[in-house]
Amino acid sequence: MLMVATGNKAVATAVKDARPVVVAAYPITPQTEIVEQIANFVESGEMEARYIPVESEHSSMAACIGAAATGVRAFTATSSHGLVYMCEMLHWAAGARLPIVMANANRALGPGWNIWAEHSDSLSMRDTGWLQVYVGSVQEAYDATLMAFRIAEHDDVLLPVMVNLDGFTLTHIMQQMETVELGDFLPPCTVPHAIDTANPGGYGTLTPPTEHFKFRWDIERAMRDSVGVIRETEAEFARRFGRQYAPVEEYRCEDADVVIVAMGTLGKEAEVAADVLRNEGIRAGSARIRWFRPFPAIDFGDADVVVIDRDYSFGSGGILAHELKAAGMAPYSVIAGIGGQEVTYDDIAGFVRNRIPGGEYWFGVSD
Amino acid sequence: MLMVATGNKAVATAVKDARPVVVAAYPITPQTEIVEQIANFVESGEMEARYIPVESEHSSMAACIGAAATGVRAFTATSSHGLVYMCEMLHWAAGARLPIVMANANRALGPGWNIWAEHSDSLSMRDTGWLQVYVGSVQEAYDATLMAFRIAEHDDVLLPVMVNLDGFTLTHIMQQMETVELGDFLPPCTVPHAIDTANPGGYGTLTPPTEHFKFRWDIERAMRDSVGVIRETEAEFARRFGRQYAPVEEYRCEDADVVIVAMGTLGKEAEVAADVLRNEGIRAGSARIRWFRPFPAIDFGDADVVVIDRDYSFGSGGILAHELKAAGMAPYSVIAGIGGQEVTYDDIAGFVRNRIPGGEYWFGVSD
Amino acid sequence: MAEIPKEEYILRCTSACAGCSSSLVLRYILKAAGPDSVLVVPACCTSVIQGIYPNTAMNIPVYNVAFASAAAVASGMSAAFRSVGKKTNVICYAGDGGTVDIGIQALSGALERGTDFLYICYDNEAYSNTGMQRSGSTPLGAKTTTTPEGKRDAKKDLDRIVQAHNLPYMATACSAYPLDLYKKVQKALAIRGPTFIHILAPCPPGWRYPSEATIEMGKLAVKTGMWVLYEREYGKLSVTGASKGALAKPLPVGEYLTRQGRFKGIDAATIDYVQQSVRDNLARIAREVEGVC
Amino acid sequence: MAEIPKEEYILRCTSACAGCSSSLVLRYILKAAGPDSVLVVPACCTSVIQGIYPNTAMNIPVYNVAFASAAAVASGMSAAFRSVGKKTNVICYAGDGGTVDIGIQALSGALERGTDFLYICYDNEAYSNTGMQRSGSTPLGAKTTTTPEGKRDAKKDLDRIVQAHNLPYMATACSAYPLDLYKKVQKALAIRGPTFIHILAPCPPGWRYPSEATIEMGKLAVKTGMWVLYEREYGKLSVTGASKGALAKPLPVGEYLTRQGRFKGIDAATIDYVQQSVRDNLARIAREVEGVC
Amino acid sequence: MSAKLAISRPVKGASGKTGSWRTFRPVVNREACNACGLCAQYCPDGCIDEELEIDLNFCKGCGICANECPKKAIEMVREED
Amino acid sequence: MSAKLAISRPVKGASGKTGSWRTFRPVVNREACNACGLCAQYCPDGCIDEELEIDLNFCKGCGICANECPKKAIEMVREED
Amino acid sequence: MYEIRLHSRGGQGGVTAAKMIAHAAILDGKYATASPFYGAERRGAAVVSFIRIDDAPIRIYSQIRNPDLVIVLDASVMETVDVLQGIKPGGTVLINSPHPVDMQGHAVSYVDLTAIALSLGLVIAGSPILNTPLVGAMAKLGLVSVESARLAIREAFGDERNVQAAEKAYEELKA
Amino acid sequence: MYEIRLHSRGGQGGVTAAKMIAHAAILDGKYATASPFYGAERRGAAVVSFIRIDDAPIRIYSQIRNPDLVIVLDASVMETVDVLQGIKPGGTVLINSPHPVDMQGHAVSYVDLTAIALSLGLVIAGSPILNTPLVGAMAKLGLVSVESARLAIREAFGDERNVQAAEKAYEELKA
């Protein structure tokens, strides 16, 4: 069905279509519309799920853990302070190997309070064992949320998935969006280690130094296996519904002398910047990183790389830049869009024009 | 004064000597002795501070924030789940530019519950704007805690500092330790932006997209400046008290063909491994990373690098290894000691002998 | 009114909605507290209405803090001030969500350990700042954006929860009676140890009534007995102001409920249920006042 | 005793200390609950005594969860079970620290929104698992490792806090009276909606008395009136078992306090103070039982 | 000192001239007024001073003053566009 | 299935033979016993069965049974080293 | 790409207006985005929304700096906001006003949306609904088809008076 | 480096024993570390502690696999634990026992620490204190000096009977 929706509405609609059994969520700008929309779907009977109006985000993730532990599909959504407030439970959800899906509206952290787009919230949770995808359009928010359930619940994965969308710039923008008829694309949720009173077990009991690392390794194993599951799921989605996604969305990269690497809406806007630069005779391309965990294998050959981080790890640098460096590149690292700082395709084109390979540039900070 | 102390006792003693005004902390294995010891110092009158028996770690950091906001010295200690439970407040403390000092007893995260050493807890907080130091002996726990206050409170820094010590292996081991007569090494705490009812201000009010990034940049600026402050503080400490520290403690690295990079007690044990290897004719050295934030500049020339991570970022790799890769190295990445997994100098020597540059190895996981 | 200082500690103007009763009560709280005070404010409307950096309407130090943390931040602040010999008032000013839901752990802890501070909850019965979602303090039957058919659970009884902590002073107040509030704030600040005031603060967009009716709405709450003004000094209860009359002869709750869009379509059974709870509550209070309990 | 099933759901043996009363009460809770139950356990002694992976002494599913999260995990679990039509009992079994301190936000929230579960707090009045630090539930005067001179604040009144949530069933119990407990668990599990039981659970190393005195200690608590056994069904209070006698003729509290190392050196004034609080509390309960309140 | 953190300073008009929000403006009829002060007491934004001057730069037009005036001495008049 | 997470399975002796913790061992004097069952009821570890056999593999020697026995029919006897 | 900036006040329905315009364009087979710029404003404060319409998918998320069209739903915002800022040379202004307004030489269309709403009794909580008539005006400007405008309004509002309001605005718009 | 492994039960003071031994060695001018291996055991379970003594600073934190000396404070732990595991060829065993015990050919010293503690009335909560006499035995084995042993005990315990206990163990130790 064709509709006009915000990014938030897209997520809520995908969740409705995925038919979870439990949704537990707490409002926070700019994610609130997701919560409200789902509460409405539930009360109007459009969704059969139970909506649990938890008293905090620590509890929203806890409730999802409790639900998923029984083997049912569970969903939550949050943003920024909500995400870091539930940090302990993020680790827990992954360690308990529960295929929870969460939407995160990327937003800056305070103080001072700032409600606008930034990726530091979710990127700072990149060690938790959650898969992370960053979307770039309303349609993609819908599609990625649907796929997230299938990937999370895949027997080779059984890890939670976080779908990230830029606060306001994507959560609140209205675009056209097609819903799908899911059919059996999303099989019923099965959690092999679901609680079974007929076969009692002690979950998460004290695990000694001789054993603990094995379970941690299995999380890593699942992360690695998820690469294939993601590929297969995205291929199947394309086959059924006609929309194609990849861990990295490359645009005009084949012959590029310089590739702009970014995530989320900036990654989309970078495509426009590439067009602008091409018009000027600069052979630019754009590579939008969609999956940050597991981090995809990337290779841009000899091309210069300009990476835009809408985030920062203090005392280290842009987090995306860091991944590229660790992958052997020497990118020009641009820090831009922090706390909702306005960044246009013209600005991005400027970053490319002024690039210094290996250098770092904080957009808007006078030196 | 010479005494025999555990790592925990060393931290508590340093805190006593630093004379904070407020200590707010919550017990958690294996940090608990710090809390208990300080509560005892306070009740016995050996310390003048107020000890606030908070009801959780989110609140212990919150209480430290409230105290430090008035311009006084504040301390807390935690570990693993306590640390991630206070995650939101870690971001807050740094964003509010408060020179809080915290000790963290490094411990694995659950589930399953595991109370033993691992660095994933603190490393997963590496984006929060906290300086992080990892210590390798009881004496160093004492010394680093004292220095942490001076560094945190330095006008060029004004950021919180986390002193990390390995759970059990360091928190509970007993070694000799010399206390110092501080003199004016640690000047009275002054926070230039302390609350002043005579000059009212709104702290942390909503900060728009046009401004927010400037404050984030200033955190990064302070991180960079802290490099010099750390150097100066460690030099001054050596001058006054005779014990010398550096951001990276190098051991037999000058002529090394292979350098073992590790943190905490494994970094100490690696020195023994280097000796063992030297005896076998392998020119090995050890470089113990002490300050992880800001991450030090390192260069081992052409030597092979074997890095041991007692931590992991799922879907990406060892976190320390990642830093080295981003710094341009192609280390042999060993994941060892997870969840208190036993790792001896013999094991470490084995990692070196079997190294595959650029490779990764999970100790104890059969492939 | 002669007693109330003319000094205003909120400069014209915050960005609160027109007719915001929380802004009104804050005026009187600050008048009572005076300039040697710090306001600790968790995420809520109040964190936003102050203004945007670099400007604030608040002419008193305001320490904005994370949503769950207000009472704990105040604990540290109070300990620090007292340690260095300062008497500065430490006042948490938090919404109902930041108090009864996400903030209750910190509040309960601070009360238990005898923190010297005043905690004020202004209760607009929803998460207003994020656009009127249900909170634990939302009353039965009220429509919010997350309870579009009306809330099915009862309003959490914050006052009895706080009362269980046996603090030296606690009171309720309502924005329609600013002088009553003013006195209570003064009383609370004169006492050492934890004190608490719970203020009913009608919110035009949240409750869906026209902004000019803000005072009316508060008065109706009190006159119907939906809200009772009282204070407890060292446990001893006294009903204050307009509630004295309401205790004897409350208006029917329908007069309050039907004036608000959030209760639109509420059924008669629910109204009866609410009426009965109010009756029970007033009877309980009356008995306690008479010293029977 | 005929009524109590012989079935034991804890296999010999947990690693609880010798004389641990929490282990004792858990035996009876599980007997009452039966095998179609899940125990949700936050960090506490119980999370450790089960055994170390890959073995557990618990012959019933135990879901170990983060310290602050038990009631919220149970919310999700209960919603999921009920959604798919399962009646499985969802029982939180949490220590006092995990209930009155770090866990109170989740508990209060779960109660407010009417979660269908049973929350049991076993109260050993300290953070025992980490070695006997003060909790909000530690009584006045008790020495712990963080209150070496004795706690200066009163024990947090968990029951009044819970009571403020108006849940359909709540009760207190004590490990010295396992049959009383057994009945209360059965009653609680038969009720839909949130139910709550608060169990006093003496802890030999924490309270510093010899392990054989565990039952005695519980009985003394009840007989002195330091702990009252009661239940509240839909608000209505009934005192149960041994507390009926204690209400009429309590032993002096000194008989309880002086038997425990944690109260060693407690001064006469504090004992008097405790005695007076107990007297007040018993009088309050007696009045309520008599229907005066 | 470089700006280390966002500290906002008190100024009048921190949220702009909120008077522009009004659709209706309060107009006092001084004849009818008995100077009881209730309008000033109840104005959420403290826009009415002792002389009953209303600061129209900031008055948001909520209508409380008019509603609460016991003498009905304040009228809410539509702002001309 | 590879072990995805730590699920412990119920077994007897999950914490080892806790009987080795004992310093004193309970010994029942069946003559004195009236079979009231209180000892079994109060044993925290459920080590006393219906026939009043005490499972010495696991009995931790807490002494509760002896202490609570109304007939003083249980004696705590020091374990020989 | 055609870029529109819409000035209004919080509570006046500017966001819904933007949505309906984008929706109508999409129904016309175009690509369109509508994005409110959110500050943390409460009701009454000046707000701005952006609408982009193009034949190809739109990949721009940043604000519109150089609008082709500026819509002013509430003339009073002009006291504090420079509504013409960045307007393209040759750009147009559409203003809710009973009379023409001088806009520094820019082409100006005007229509009294307030009067239309009031005449049809389209008032919510005391405020006239301006957004549905606005969509009619957009159709008149040729940015969306009349049919799509109708559909978009009906999708957003049940009350048929809204369609009438749009039709009225369509007729009354003056350039 | 001299490496000692000490077997005891939770509650018997094994950790304090390790601390006093290390302290005494340090007072002798050596470097020493004492580290308990912590499981999550409660009272009564078998526990193990490690002591290292050397002339240079000690940089090893891992457990001792090949001890020079094994101390058995509670003989009953031998039922469940192989106390000789990894002991160095030529390593010694010190056991709390009234009589010699065969230890697969390893040199064995023995002393009845329990009897010494009981004879001096050194009992806490029903359990005899074994750790202070043990320090005396260590002095006898020449691992720490008598004077340092005394100082270390006095630092840990006020009661002078503890020193007497150590002295008694010093005298009574048999190899």
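Residue numbering begins at 1 within each chain, and the chains themselves are lettered A, B, C, D, E, F, G and H in the order written.
Going forward, a residue touches a chain if its C-beta (ideal position, glycine included) is under 8 Å from a C-beta of that chain, and two chains touch if they have at least 3 such contacts.
As the structure is a prediction and not an experimental result, all values here were calculated from the model.
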What chains touch chain G and also chain H?
none
Based only on mean CA positions, could you tell me how far chain C sits from chain D in angstrom?
32
Report the inter-chain centroid distance for chain D and chain G in whole angstrom, where each centroid is the mean of the CA atoms.
63
Roughly how far is chain D from chain H, going centre to centre by Cα mean, in whole Å?
41
Residues of chain H that touch two or more other chains sit at 39-40, 43-45, 126
Where in chain F do residues touch at least two different other chains?
5-10, 15-16, 18, 21-22, 60
Where chain D touches two or more other chains at once, by residue number
15-18, 47-54, 56, 58-59, 64-66, 68, 101-102, 104-105, 108-109, 112-113, 136, 210
What are all the touching pairs of chains?
A-B, A-C, A-D, A-E, A-F, A-G, B-C, B-D, B-E, B-F, B-H, C-D, C-E, C-G, D-F, D-H, E-G, F-H
Chain D partner contacts - residues on chain H that touch it in the complex
39-45, 125-126
Using the touch rule from the top, collect the residues of chain B that touch chain F in their complex.
111-112
Within the complex, chain A is touched by chain E residues 5-6
Which residues, counting only chain E, touch chain B once they are in their complex?
1-10
Report the residues of chain B in contact with chain A in the complex, numbered from low to high.
58, 81, 84-85, 87-88, 91-92, 94-96, 108-116, 120, 123-124, 126-129, 131, 203-217, 219-220, 223-224, 226, 293-295, 311-317, 319, 322-323, 325-328, 335, 338-342, 362-365
